[in-house]
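Sharing a structure, written as structure tokens. Questions coming.
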Amino acid sequence: MQVARVIGHAVSTVKHFSLTGWKLLLVQPLHAGGELDGDPLLAIDGVGAGPSDRVMITSDGASARAMVKERKSPVRWAVIGIIDSVPKA
Amino acid sequence: MQVARVIGHAVSTVKHFSLTGWKLLLVQPLHAGGELDGDPLLAIDGVGAGPSDRVMITSDGASARAMVKERKSPVRWAVIGIIDSVPKA
Amino acid sequence: MQVARVIGHAVSTVKHFSLTGWKLLLVQPLHAGGELDGDPLLAIDGVGAGPSDRVMITSDGASARAMVKERKSPVRWAVIGIIDSVPKA
Amino acid sequence: MQVARVIGHAVSTVKHFSLTGWKLLLVQPLHAGGELDGDPLLAIDGVGAGPSDRVMITSDGASARAMVKERKSPVRWAVIGIIDSVPKA
Amino acid sequence: MQVARVIGHAVSTVKHFSLTGWKLLLVQPLHAGGELDGDPLLAIDGVGAGPSDRVMITSDGASARAMVKERKSPVRWAVIGIIDSVPKA
């Protein structure tokens, strides 16, 4: 799992049917140093995250398919948590 | 999933039988900053994408094998959506 | 598996139910040269690691789901060992 | 899947038994810009590719295990096509 | 699969029970240009590799779990061959 920030979303009319009704958030992972400069990813939203929210993302085909309730969906990335804070050790 | 652009396609005579009849699009992922400079990937086309289209790509063996209807296909990457726009947060 | 150091943890109220009760450690992988500068990852803690501990991390959906005892959990990264030393060859 | 070029092969006497009889090609993926400078990978050859051939490679455990006909083989990367040309969009 | 060199090993007292009795080799993958500068990885040793050996490594959860004979092990990386030579094409 990674820490990322919601930077936008994708609008797509022609797409795999299993993605219908899911918001596709554009998220940018946190890289070393704390800056947000990772390559953007598209993730379905499982927690109701909003613009600029700091979120937890994951890449797991099996659980993502369970979320969209479609056994053969090509979905992999999902937002699975909203992060309140990240205290350093 | 990632945002990518269709930059070409691959012509291959000798290939795994499960790829016969599938267009192999050469796509280039979107990197941080918005420029299209990710390493090119070959993906089967599940949505009828055309040259220069902005698309959604995914890497998922299970669903890709379902697309080509061949349980032991080595295919992994697929184009699963055409992107109309990406509004920023 | 990779060598990483515990550099913090994430506090998240809204999250996938399977993550409830698990500490989410922020860990930074060891890169070439020995310096700790990999991109930070969030991992569930399976061994009771503490702040600044050097740990072994892994990315495996099947075993991570077994750890949280929830077949459809989106969890992937886990801390699976505390490293005492790394003698060079 | 990715476009790569065959740059050599590996000779290995002591290895997992499931790899016996398979040619292990050293291939170098194509990176952005068209130059061949990706990190080299070892892949079993499923199509009879020769030195300097431009090929299609994939990373998929399930199909690679099917190719070597050994359910528990650790093989993942395979050459699954010889590329004739890559017309740009 | 990748070519890597054995550069050390990890000593870990507190770890997932499935790793007990397995040597955890610290290996460094070969990058483009031939130099050994990839990020170090921890891999279980399935072939009896020694310090400084050039080896073949793989990342495959299913086969690694078969090696340690524990269906829910979090192990993923394994050394699966000792490389004698890598003739260039």
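By letter and in written order, the chains are A, B, C, D and E; residue numbering begins at 1 in each of them.
In the analysis below, contacts are C-beta pairs under 8 Å (C-beta built on N, C-alpha and C of every residue); 3 or more make two chains touch, one makes a residue touch a chain.
Quick caveat: nothing in here was measured; it's all calculated off a predicted structure.
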item	value
Where chain C and chain E overlap in contact partners, by chain label	none
Chains touching both chain A and chain D	B
Chain A and chain B, separation of their C-alpha mean positions in angstrom	19
Centroid spacing, where centroids are CA-atom means, of chain A and chain E in whole angstrom	31
Multi-chain contact sites of chain B, meaning residues that touch two or more partners	38, 61
Cyclic chain order when read starting with chain B and heading to chain D	B, D, E, C, A
In the complex with chain E, residue positions of chain D that touch it	6-16, 19, 24, 26, 28, 37-43, 51-52, 61, 65, 72-77
Residues on chain B engaged by chain A in the complex (per definition of touch)	1-3, 29-32, 38, 46-48, 56, 58-64, 66-67, 78, 80-89
